[in-house]
Amino acid sequence: MEQIKDQQTMLQEALNFGKPYVRYGKPAGYIPELAKIDPNRLGVALCNLDGTMVTAGEVDTYFTMQSISKVMSLILAIAQNGYEYVFTKVGMEPTGDAFNSMVRLDQLTDNKPFNPMINAGAIAVASCIRGANLAERQQACVEFARTLTGNPEVDIDFSVFASEKATGYRNRAMINLMKSNGIIDGEPEEHLDLYFSICSISCTCKDLAYFGAVLANNGVDPRSGKELIPLRVVKLARSLMVTCGMYDYSGEFAATVGMPSKSGVGGGILSAPIGKCGIGVYGPALDVKGNSVGGLKILEYLANEMQLHMF
Amino acid sequence: MEQIKDQQTMLQEALNFGKPYVRYGKPAGYIPELAKIDPNRLGVALCNLDGTMVTAGEVDTYFTMQSISKVMSLILAIAQNGYEYVFTKVGMEPTGDAFNSMVRLDQLTDNKPFNPMINAGAIAVASCIRGANLAERQQACVEFARTLTGNPEVDIDFSVFASEKATGYRNRAMINLMKSNGIIDGEPEEHLDLYFSICSISCTCKDLAYFGAVLANNGVDPRSGKELIPLRVVKLARSLMVTCGMYDYSGEFAATVGMPSKSGVGGGILSAPIGKCGIGVYGPALDVKGNSVGGLKILEYLANEMQLHMF
Amino acid sequence: MEQIKDQQTMLQEALNFGKPYVRYGKPAGYIPELAKIDPNRLGVALCNLDGTMVTAGEVDTYFTMQSISKVMSLILAIAQNGYEYVFTKVGMEPTGDAFNSMVRLDQLTDNKPFNPMINAGAIAVASCIRGANLAERQQACVEFARTLTGNPEVDIDFSVFASEKATGYRNRAMINLMKSNGIIDGEPEEHLDLYFSICSISCTCKDLAYFGAVLANNGVDPRSGKELIPLRVVKLARSLMVTCGMYDYSGEFAATVGMPSKSGVGGGILSAPIGKCGIGVYGPALDVKGNSVGGLKILEYLANEMQLHMF
Amino acid sequence: MEQIKDQQTMLQEALNFGKPYVRYGKPAGYIPELAKIDPNRLGVALCNLDGTMVTAGEVDTYFTMQSISKVMSLILAIAQNGYEYVFTKVGMEPTGDAFNSMVRLDQLTDNKPFNPMINAGAIAVASCIRGANLAERQQACVEFARTLTGNPEVDIDFSVFASEKATGYRNRAMINLMKSNGIIDGEPEEHLDLYFSICSISCTCKDLAYFGAVLANNGVDPRSGKELIPLRVVKLARSLMVTCGMYDYSGEFAATVGMPSKSGVGGGILSAPIGKCGIGVYGPALDVKGNSVGGLKILEYLANEMQLHMF
């Protein structure tokens, strides 16, 4: 009880600490639906490993997961196809390039995208997700998202999906180049639709915190106690979040904040300090690398105050 | 009369010189329809500036122009849009990269493809060709090809077109990347269809020789005496053929053979020694850079024997 | 007592597990002095946080630290110049490139090498190490190495140094390019000599284990209890070892082994499982990425058996 | 007589045409000795194939050849070593990169620099120039320069040489990378000294015009009638000047001006319209690609007015 009250204070302080930085960022401009969003929004939720939730700020607003969904689709693809198969399509190495860079897609000898946390890698992972057709594959992803967030309301935001599909030329370029290089089975366009659908799954800060708690809790659902993800896969996901989760800021984030985390250009960041708790932040104003500016500050504050730095 | 007889001998000698090299190459493997072709075919045609034609070997076989069409579509795009407009979409600089490289498409500050003789550049040029719909745009290209070759039988080979469209993922990647970078107006897929159609225009050695004679003759039709291409555009085309026409062998070809030329992976090469004649060669066995091995040898022989080296 | 006995067994088993893999690697060929070394050597040492040491195999043989020294020189450079100054010269981001790649040195807008664990970054760090002349700077590094390893015998192997200096053209290219790009103060050649000297510091497995124990113990000397490295710098070093420490195998190593580690082409690997112990392995047979093949297997075994995986 | 008077008028007009553009450029900043030079200087000389010389503007000022010397050193290296040997060290392909780019030096499979007209390629060529020691090798170059320019006063400007040597870190990086990649025999530093010496050979506009006339005249000295360069080598040099002579402006220069030319960051440009004349221009104000802005305009004017465009 006491503990939870302390967390409440800390979250409020973290929110206050992050607030002034919001004005240094701006929403993702390249997806029209995201560009419209109020950049001043800011919220943080923390889910303890017993499932209790503490929040501060705007935590009930839905936003799209964007790249945060890459963690989830990787876990699902492994569940459906096995670890070994998925890593014939994608590597595990961080890259200092921007999340949407194509430069090295065409330079590697084996042509595999570097890791599942960048766009090209996540597209390759999405191509592995099974189902008889697009609708079934979308449904599998939505259901898995509901399970991991503990929220049955989580769903695809079809207006964001339509916006991404209409303007996602760079992602379309990536999947066609990977198709040309033998990485993609089947027709690119359906896989790309699935990828855009996954990116457009909409949730709240609290949902991210819950998902984070599952990861921090070694894959076990904090409320039901059920194993949602095998331990080996949780360890893989957490390590990839550390080495590759924050775009080309991952190295500095590991050094200075030190929590397995994944950010998305929708403004969310999912953090999973191992054995501690899950954290979700939301702040759509982004820095040049695509990370929520307010969110980064909130996480930095919490890492320091709650001793969550793992290194 | 005497002159033409001498040319006949020289062409036969050139053909004999080129023949043994054919076995060192193989047809383009990445377009299924091309992979089926007999690699031993070889032919050469020479069109004098008075329109007289001399030939040796397999000169009546139709094959697809492939990259040779890049010269033609550039001229048509300039005719329709003006020189300045077209070069807002593409540069004029040679590049040491392979014809289908994507690496530098995403590195340049202005994002323009390097030149109209590589795939990316020719796709950008094709996007400028006008018409109410795909059929009209295809028709404009076919008619221009008939004019430049003097052959009303020249047409799109729709089985090759279908083969390219079905497997052209790398070209699809390129146009989508260029679309993302602001180079392409309108929807990529129709432009790509037009590009594949242009590549699939089918002609003979003799047609290439005639087209070469138009270029060598400063844009004037050898038979009718009509100006088909303005002099400024002919000069541009001839210079780009020298600096960029033979893929990443252009520099060495200029040094050793020294004729404005453009090759295609269909096995054809178009040469236009300025003020001399037009030459078309055909030999579908290609070297690793995508140039006809027999064709290169024939041109080397003719350049030496007929003193066609321009440097 | 019981505990130490168990560790002894485990180390022996790990050594046995790693032994058969040795034949799949070979010593670094590009430094003549290293190429001569017997590739069958293999040893492992573990230093507990109370300073007790357990060993198996060839643990008294001296070998050069090579890239392992990058951790040490980074710590020393920060001690002498402050954290902020050093990171004006080098970044913190992992890169999927090989340790000696130059490609991206010349592409970045700020021209800083990506991180201190690759050659270019470590050269930039070495240029920050202070002293009136080369001898004084070498001495400072040797003394720091003695402190961190607890071994006063640790010293520069001048025959390896001479071998590296005579053949280190690629490193010389790197420092001159960085000099040209404004990253290096002063004359390149002395900095390069210092860099080669640091790489040539010679130690044993046990020395690496001790150094690892200092890092695992939050910078505190296991025997004297003295703080040798400030906590902030230890955290930085450990995070960089995770994200960048194993060349372009770092991501997969983090996922599968999960210990902050740094390898060197001399065949050593330093591991520092946080709060657990320090580990040093030695096996000069390297894989294509430059990591000790036997050493990797030993660490994999210990990570599993002793539950040292941090993710 | 009449003809020469016309040329005089044309040169004066060309000079007047070029003059206003000078203010859009500035002298090369990265070589301290060049940065000091008055950017308003402008001159042009034309040497007919009978050796007669016409000039306008500042034609007696000495300036360093810089990259123009790359044509000369290539010819000398071939004379000493044969065509085949030299092209084991360097390719013949144009590249769209800047003259001092290193990016692709480390990406090619065979590691050869692309062509002899960019810095890396010219350094590789310089490494082939023979002599018992640096002084002898410098002397061989100076004497060859005197022969080709017809001016016994031509010599190395040792203050520019010292300035280049003291600041040429990027060139030093290049030669060390090529040494590491097996392209360079012997020790890099002497070859680099020779390269800087060759770049620092000092001449006038008139000397460039004379050198151009030798090239335009198929290698035959316009005054003595002696063959100075074999025809095959002249053809090679002229073709490389067209495809690679004007840095990453070569393609556009070929299209718009159409004369074999080579520029240098000292502000000179050498042109050799084949069978017509030699032209030398001097104007130290450079554009961003390193070409003399006034010089380009003068050549453009002359190409149009005197019909020197070869395409």
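Note that the chains take the letters A, B, C and D in the order they are written out, and that residue 1 is the start of every chain.
Operating definition for what follows: contacts are C-beta pairs under 8 Å (C-beta built on N, C-alpha and C of every residue); 3 or more make two chains touch, one makes a residue touch a chain.
The shown structure was predicted, so the numbers you read here are calculated from the model rather than taken from an experiment.
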Counting one step per pair of touching chains, how far is chain D from chain A at the shortest? 2
From chain C, which chain is the farthest off, judged by mean CA positions? B
Could you put a whole-Å number on the gap between the CA centroids of chain B and chain D? 32
Cα centre of chain A to Cα centre of chain B, whole Å, reads 48
Chain D: positions in contact with at least two other chains: 107
Sort out which chains touch which and give me every pair. A-B, A-C, B-D, C-D
Within the complex, which stretch of chain C touches chain A? 91-96, 104, 114-115, 235-236, 238-240, 242-244, 248-252, 254-255, 258, 260, 274, 309-311
Residue set of chain D touching chain C in the complex reads 101-103, 105-107, 169-170, 172-177, 179-180, 188
